[in-house]
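Each of the next two complexes has subunit A plus one other chain: subunit B in the first, subunit C in the second.
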Partner chain A sequence: MKRIRTIAAVVAVAAVFATTACTSTPPGSSSDPSEKANLTFWSWVPGVDKAVDLWNKENPNIQVKLEQTPAGSSGTYAKMYSALKAGKGAPDLAQIEYQELPGFVLENGLVDLKPLGMGVESSKFVDWQLGQSTFGDSVYAVPQASGPMGLYYREDIFSALGLKAPATWDEYAVAAKTIHDANPAQYINTFAPGNSAWFTALAWQAGAKWFGLDGDTWTVNIDSDTTLKVASYWDKLREAGLIKTEPDFANGWYSDLQNGNIVAWPSAQWGGSILSGNAPTTAGKWKVAPLPQWDSTYASANWGGSSTAVLKGTSNAQAAEKFAVWLNTDPQSISLLLAGGYGWPAAKNALAGSTLDKPEEFLGGQNANKDVFKKSDESINTSWGWIPTTANTYTHLNDGFQAAVEGHGTFVDAVKAAQTATIADLEAKGLKVRAGD
Partner chain B sequence: MTTTERAYTGKKGKNQSSKQPSTVQKPRKIQRSPGWRILVTAALAVAAVYFLFPVYWLTIAATKSTSSLFGSSGLALDNPQLLTNLVNVVTYNGGIFGRWALNSVLYSGVGAVVATICSLAAGYCLAKFTFRGREVWFNIILAGVMIPGTALALPLFLLMSQVGLVNTYWSVLLPSLVSPFGVYLGRIYAQAAVPDSLLEASRLDGAGEFRIFFTLVLRLMMPAAVTIFLFQFIGIWNNFFLPLVMLSDQSLYPITLGLVQWQSVSDRHPELYQLAIGGAFLSVIPIMIAIVSLQRFWKAGLTEGSVKG
Partner chain C sequence: MVLPLVYAIYESVTGIQRSGAFGQGGSSPVFVGLDNYITALGASAFVASLGRVLLFAVVQVPVMIILATALALLLDAASAWGVRFFRSAYFLPYGVPGVIASILWGFLYTPGLSPLVNFGSALGLNLDFLGGGSILWSIANIVTWQYAGYNMLVIVAQLKSIDADLFEAASIDGANAWQVITRIKLPLIRPAIVLTTVFTIIGTIQLFAEPLVLKPLSSAITSSFTPNLSAYNEAFANNNYNLAAAESVLLALVACAFSFGFLKLVTRGGSPS
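After this line comes the complex of A and B, so read on.
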């Protein structure tokens, strides 16, 4: 059984590279735009239903049926894989997060959109986000949204202690100590041991590049000096007792945000709605600053990001591509998605004149999108990529971080262990792997 | 399973001792020392607290606003607004929750009724008729009890996909119509509760086999029927994985899948957290009603005295 799966994986990889080499037209595609098409679309993004309604009203020939599913990692990805394997029942279009794209490409489940028009349309998207869906010479998805990062902090508490928003990570550590010394109940932030996607983003910011594809060989470089520097930084804060290590997005953390026991959060642009939704009583007390820096050149990172992909077996790939590009570039569609809180648009120049470009009451009147996140989005390291087993890597890191929090080992150990385990994951899929860049 | 078995063995004891038709028997008083009784009562009290605690938490949480859900103690009331929350649950997204509730009732109700009748018929046959390969069939069905439904979901998906039933009511309903455990229970119950002499008498009186089953055997097996019905109903009601694999159209979702969909996007929309809790609160109510209203059938003796013992 295992042998068969390994062989299947090898065949799938070969197929991917074969399609990369010769850009053949995908099966089932029709190039006549006036032809009638009925498409299904799986997505869980709030507000996407309104955008789909708008499309259906404007395009009577291409009707999209939206099926709102649970979020991908809550089971929908598994369902897509089963449907692809069954050869029936997969939607024409689907929501896929950036870190999951390589897995679907490996299973040969996505239609190359480049010959269908994405090659021409690609200039409409922010470079690094387009890079997330580009594999070799093919573009396997239309970028939708991302989460450029900044530092959310309680301006009232910081200024009462005479602190400014920390510009460097060294200043951040000093602020952590000042805050905790002044009030032992207060901590600067939590290092959530179960959320390694957050740690990954911080390593990304520091200049790490964990994964790559060199020819047909995947490269894994998690335990680089850069990542170890970031892990050891948080190890020191943890050992000094200056940060909390409770889970984020959980009751205790929400409660700490409400009562001011946690006073900062290096987070993505979409983090604002989480703070305002779960700690409404702290309105007006928060501000956003750029992420603290390691070096003098400003660098940022991304946390979370998603795309619209066209799945193999679609009845009309051309119509599906047309809808996917419209959904993620049309100003009206973008503003409907923004109202739902989908994150930061992947389309270029989406900020000016949109609902993002305004002062926010929750942030005491700051226009953080213009002040901080626009620049953040433009300063994200474009070469970051993912592997087909990203979810497993997250699990390995979570396990190591959790052990460290319980007193077994350190965050540095967790990073080193994740390197070894990730190489084993890829080998188990029958893929060529090597350590290093 | 243990509850059922206990209920069942209790019944058997009563069958033997009773002569009175259809009256509820008072259990025979067994004298124990006071120390023993205190111990047993204390153990039961601990068990009750253990099982009721999550229900208590859910009830309290369902009354809270999104911010006090996290900002106040989980065990105490804080500006209760149960009605507002529940109205939000049933009106959100054009009242989709009502649709999910009806779907859950359909899947669980139809699934449990059909599964119960099939299980009883199969169990009765296996108990009272001799035919070639009877034990083999029974053992194969018994093996089905050991295979968790989750493990079957993906193969079922591939099957349904072949016949084009994925993302329809049938894809969830068809697998819910069978219950290996029900067949097992049906057989052991029929063995004990359906007297051969009664069947012989009916046949002598000229009743056909179907008539015997539907008018006589079903009634004798009512306690088993209730047990199978409840198990199957609750099993389907709480089933998450099968609908997850089969369904993608929101309007076909049962409550479980719908609530997970809300909860899984609640990090972007915190109010959905409260809606998922309110929905969970509403969804346990029908289960409570089913248990409370049907459990008396476990106690009531139906067969006492029907045959001279």
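After this line comes the complex of A and C, so read on.
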């Protein structure tokens, strides 16, 4: 009897615990800006430590303690979510990628920055990047940077084979065959089956729009003909054995980049610092061309993109907002972040005169930012948005792509399966959802 | 002890209801009965992951226990020279944290970096440790490397506790070394073997760190490669604690069933000496 009562008490306590954890997050208190504030900031962007040092030197009253974390999807988001659920342990500020913002908004984890100053300061940012952190009438993060895409390729190897940078995806497929036929160890690129963010960007370029919001109802349109066209294109290259399917951002891939077994990479502007950092011996041999095209109208896409958000439970939301805006708009801060390779600034007019606008030795003296990425940035379909369960969608695609690489099904199957699974994910969150756009 | 279990069961029968696109109209937990269990068991990837760890256990447990027992008997039989060295050497991998061990082996498995793969290709062998057909056994290799020495030590401890008089009596009766092993040592170290087997069953069914670390290196490891990985992914990547709880409870039931099933099997068929 006693035991039953104990169990009942435990259940009751657990229930109370669960409900309070969901509802009682104290609002960020705003206070006098001259007041002292100590803030913690989780970020993994290279170079951010230098920007934070600069801020701390200039702002003795608002001291920011940077904690450098692994990339968000490598466990840091999980840590933030559990800290938010627990109601303590979350940092005041955090790096959050655009595709993850709706998830944090859904868990009621972010402070609305609009009344704290972002409403006025929003004009400092590129519209579409601001749109990535605006939900309804609220601005939940300060935009930081994006990843307009281009094609990195080994100019030396291409020209030795008489190839030019492919202007269309058809030409790209021909180049893939020429390269692999000439040297069976060489491949044009890897289709990393575990990195569906990359595939998502390529579908974005082709004109797909996966997610939307119709009133209170989320719309999911992953398996559109446009996306299936992209998936089937890579299916054909994979079935012909013309691409590698090893993971990217892994040692095997770095080693292939170093020894020239992978000779191209459709990637974002920040990809240059990945290449120069991991294959330094290939310096001077790379060039950047515009992303190969599907149609005659030039279209680009964005891969990656990040913001600085203020998390619920912060000790001083006003000070945190002030720092977040400074970090992403101050020219000196932007220079320091650019030096680390954080991407394409979300602040307006950041190219001219900045460290971005100069020839790069790694690219054999090409000024790729001016030649390629500026136009790429201007040609992104900016109506693209995300859902609160984007991470799940990535997982479904990864699982399907990996299965295809292992000989079970195709990339097309993976895309179709991700559509169904994504609708189920949103339903599981208690949200309204329908297929279509 | 029971609190986390009760909480897990509570979470596993709970769902969430929201109004508004971002739940701004309020959200509340609702009782959903067995819905999460139905979702878990309806997901072919989760069911496949259960099948995968069971297959893993069927192969891994006997290999591990036979190897550990053989090593223990060898060390026990060997002359004094080198015994201490080998005992420490076999035990050493246990001191390496599982994550580090997986990273080390990950390097040995990655084409382009691995001396093993290079050596194989020099001999004309195309070794693919990270492919779909081999990855489970590549993980088995890491697990065996790590824990065989530990299990061996548990068995050695029991071997040491055998009364020396028994061996003396056996040699007077003219028993050879093999007979000593099969008639005296093996029956007397039975409890240690049973114990290490149960631990190994539980350990293999809960397979987690090794596939998590190798995941970035291998396209064969999906987000739900093992049930634990699936629950981890649901809880921390997808924020679906309820489904994660249901999966965890199911996994605990499977581990329980197999451990107790094994114990029941050995106590029924066993001949206590």
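Basically, the second predicted complex is superposed on the first by the 406 of 437 C-alpha atoms of A that agree within 3 Å, B and C clash if a C-alpha of one lies under 4 Å from a C-alpha of the other, contacts with A are read in each partner's own complex, and residues count from 1 in each chain.
In this section, contacts are C-beta pairs under 8 Å (C-beta built on N, C-alpha and C of every residue); 3 or more make two chains touch, one makes a residue touch a chain.
The structure displayed is predicted, hence computed values, not measured ones.
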Which of subunit B and subunit C A:S82 touches, first, second, both or neither: both
Partner chain(s) touched by A:A185 [first = subunit B, second = subunit C, both, neither]: neither
Contacts of A:F135 with subunit B and subunit C, given as first, second, both or neither: second
Greater subunit A contact set [subunit C / subunit B]: C
Partner chain in contact with A:S255 - subunit B first, subunit C second, else both or neither: both
Intersection of the subunit A residues that touch subunit B with those that touch subunit C: 75, 78, 82, 85, 249, 251, 255, 259
Interfacial residue positions of subunit C with respect to subunit A in the complex: 2-3, 6-7, 10-11, 14-24, 27-29, 39, 45, 107, 110-113, 131-132, 215-224, 233, 235-241, 243
In the complex, subunit B residues that touch subunit A: 66-67, 69-71, 74, 154, 157-158, 161-162, 164, 166-167, 244-245, 248-250, 257, 260-261, 264-265, 267-271
Residues on subunit A engaged by subunit B in the complex (per definition of touch): 40, 42, 44-46, 67-71, 74-75, 78-79, 82-83, 85-89, 91, 249, 251, 254-255, 258-259, 270, 273-274, 277-281, 340-342
Residue ranges of subunit A touching subunit C (in the complex, touch as defined): 7, 10-11, 14-15, 17-19, 22, 73, 75, 77-78, 81-82, 85, 102-103, 105-108, 135-136, 193-194, 213, 215-218, 245-247, 249-252, 255-256, 259, 388-389, 391-392, 395, 398-399, 401-403, 405-407, 425, 428-432
